[in-house]
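The structure is given below, and queries will be raised subsequently.
Going in written order, the chains are labelled A, B and C, and every chain counts its residues from 1.
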Amino acid sequence: MKRFREFIIEKLVFLSGILVILFVGLIFVFLLKEAFAFFREIRLSEFLAGKFWYPISDPPRFGILPLILGSLFVTLGAVIFAVPLSVGAAFYIAEIAPARIRDFLKTGIEVLASIPSVVLGFVGMMTIVPWIKLIFHVPTGLTALAGSVMLGFMAMPTIISISEDAITAVPRQYKEGSIAIGATRWQTMYRVTIHAAKPGIIAACMLGVGRVIGETMAVMMITGNAAVIPRTFLQPVRTLTATIAAEMGEVVHGSMHYYSLFSIGVILFLITFIINVTADFFLHRQRTK
Amino acid sequence: MVAKPCFEIRDLDVHFGEVHALQDVSFDIVKNEILGAIGPANSGKTTFLRALNRLNETQLNYRMAGSISLEGKDINAGFKAEELRRKVGMIFALPMPLPLSIYENVAFGPRRQGINDRRRLDVIVEESLQSAFLWEEVKDRLKSGAMKLSGGQQQRLCMARTLAVKPDVILFDEPCSGLDPISTAKVEESMLKLKEKYTIVLVTNNTKQAARVSNRVAFFLMGHLIELDQSDKIFTSPRDQRTEDYISGKFG
Amino acid sequence: MKIGSWISVKTKEKVAFACLFLITLFVLAPVVIVLFIIFKNGMAAINWNFLTAMPSEGMRSGGIFPAILGTLYLVIGATLCSLPLGILAAIYLSEYAKENALTRTINLAIINLSGVPSVVYGLFGFSLFVMFLKFGASIVAGALTLAIMNLPVIITSTRESLKAVPDYFREVSLSLGASRWQTVRHAVLPFALPGILTGTILSIARAAGETAPILFTVAAFYIPHLPDSVFDQVMALPYHLYIIATQIPNIPTSYRYGTALVLIVMVLLMNLVATVIRSSFRRRYKW
């Protein structure tokens, strides 16, 4: 009886591992299933490079270039702003802060990570958006800039915690060797530690980018959602994710518009897949070094 | 007197991936003897020890050829791994109690065999702790954490834990490498007492220890069994030059 | 000369450290600001009625009870599905799997799953659970979608907790004649449990705050009654906040902040529990 129970449990354990693969397969199959219908009628180049997203006008236009550029703009802004700050904070937390303060700061980062994106979006609507309108004298504060600032903060916990791990994982001998030949702690950090931790920090930044590209609610609430090709950061933009979230609710099932949203989903799936696999590659390099 | 064989090892050959850890080892281990296995690092002595209770199987890319039998039964074909390990207990190099109470550490093995009756467990725990000469020191605090004991006490707790499974053979893997001389003496003393009831295989880096406690000594070098003989012969007039060089400290 | 340059190096270090400190404070500033704004503006709305009454007058008055309850249903449902599966899969990967093609595929799958944007989970959930399996927009569909989204988080954190248990625990247990599963069950799991709990609770907290995956799989705009079965739609807190923040004009601001406050308190409470478990565990076990 005991043997039998063990046998069942071990089989269940194995089955669960297999199910995980199955789910990834299912996600891809079900996205592709719907997207396939779309690509039978619309060429890929027309979809990716088309300059107009008018899914419900007649005739409809399904060009997601403005959406891709929207995502790119917001992401770029967020990265420029978040990466230096996050890496700096990671160094402070990992190498400089005394133990008590470190725990306190880490808790703070965890709280930042746990605030739901819809709450951040809402607070952004009430604060950043009017501020931008006031400071830059633009007709609306719902802009790429607002999205970038908000997303920058949302990416920071990811970048900080993974960079911090990478910095902490740098072998002590490297740091002690540098200190022993008379370098200060600061010199050691920017001459030795950062190079040794580089693969991990790169991975951290990539995962941060992945987080930003995939972010939906906050972006939808504060970027203004205008599907036009953006020229400046002070202009409303619409991202890939926000398009799905905003239009899926009203779309007619089985229409081209419906299928087009799944095609956007496939694109997002592929983008984040590439980002995550590359980041994982860098993380492994850090570990095996 | 013809001693009864406990383990019969024939043409034992072990690979870990590309590494050829043991080759062509054949000999018998006799009942109720203490067999010392000595040799420099990476000589294959620990691999040999872990082959006896099939613990090598947890390692990646482990391959074994040849045969080992315990009391006439092949250890791979004749036993389930769990059954074999209940007959062949093991004491590790460092004292490794689980972060449980003293009582639960000793009761761990019996509980896994389905013994959960409190009175039976109480008896087993007391007997085992007594055989390991630890009972008097801990009998008033069986419920307290095993991690709080001193290093020497922890090692004797690990012995008690192994004894609780009631094995026939006990494998010692450098049991004193982390201990001070006094604790070492205590462990050695208990080994000599245990010999009356158990067959003991002792892997050690300390040739003097091997000389003090073993009946026979096997010298391993680079995966080969170089020499096997009575302790006094090995340490006074070894046949092989390499054995002599090792024992006299020319390499190690 | 030498001493002079040494001092300037020391000064440089001081300045650099001060800058890094300020950067860290700046990164954490939004946490304080966001929490402060929400508490300050939201407290006014919080009263017994707000927490336990049905919404009325197009959500402009009354309470948010169905949204709170809906979120609870979804979170519990998602946890029930993802927890056993996630922990078992992690046990497989950490304790049983050998390094081979299958293991690498599973690893790749997990990396991939953990990176998929939440809105894509929403699409998937809609396509599989709502349409293909004909659950309709319902608690089941939403909970299952959240469960699959949670799976990689639970697997990854469980795996890390299992890996943190030293190998010698396993060897000792095996050497005492325990079987493989007994070893996992008695010599590994008990010591990994606090870590597993922490990771799980954090993932549940995340699921509670997610909006995108439930947009098309379960969330209802406005249902002033409670669900009768798992195949009903429900309101959910994050979606409710989104709706009253963007779609409904002339709603008292305190209602919006109040909803945000309830949501964030729920999430932070779960985080607090996780943190307490983790820190008490760190104090208790040291090996």
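Heads up, the rule we're going with is that a contact is a pair of C-beta atoms (placed from the backbone, for glycine too) under 8 Å apart; a residue touches a chain by one contact, two chains touch by 3 or more.
These figures come from a predicted structure and were not determined experimentally.
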Please work out which of A-C and B-C is bridged by more C-beta pairs in contact, and write that pair.
A-C
Which chain has the mean of its C-alpha atoms lying nearest to the mean of all protein C-alpha atoms shown?
C
Express in whole angstrom the distance between the two chain centres, defined as the mean CA positions of chain A and chain B.
54
For chain A and chain C, let me know how many angstrom lie between their CA-based centres, rounded off.
16
Report, in whole Å, the distance between the mean C-alpha point of chain B and the mean C-alpha point of chain C.
48
Name the residues of chain C that each touch 2 or more other chains.
179, 182
Within their complex, state which residues of chain A touch chain C.
6, 9-10, 12-21, 23-24, 26-27, 30-31, 33-34, 85-86, 88-89, 91-93, 96-97, 105, 107-112, 114-123, 125-127, 153, 156, 160, 184-187, 207, 210, 213-217, 221, 241, 244-245, 248-249, 253, 261-262, 265, 268-269, 272-273, 275-277, 280
Which of the residues in chain C come into contact with chain B in the complex?
98-99, 168-179, 182, 186-187, 191, 285-287
Chain C to chain A touching residues, read off their complex:
9-10, 12-13, 16-17, 19-21, 23-24, 26-28, 30-31, 33-35, 37-38, 84-86, 88-89, 91-93, 95-97, 102, 105-106, 108-124, 126-128, 131-132, 148, 151-152, 155, 179-182, 202, 205-206, 208-212, 215-216, 238-239, 241-242, 245-246, 256, 260, 263-264, 267-268, 271, 275
Quick check on the complex: what are the chain B residues that touch chain C?
53, 55, 58, 60, 81-83, 85-86, 89-90, 92, 94, 96, 98-99, 108-109, 111-113, 147, 158, 161-162, 165
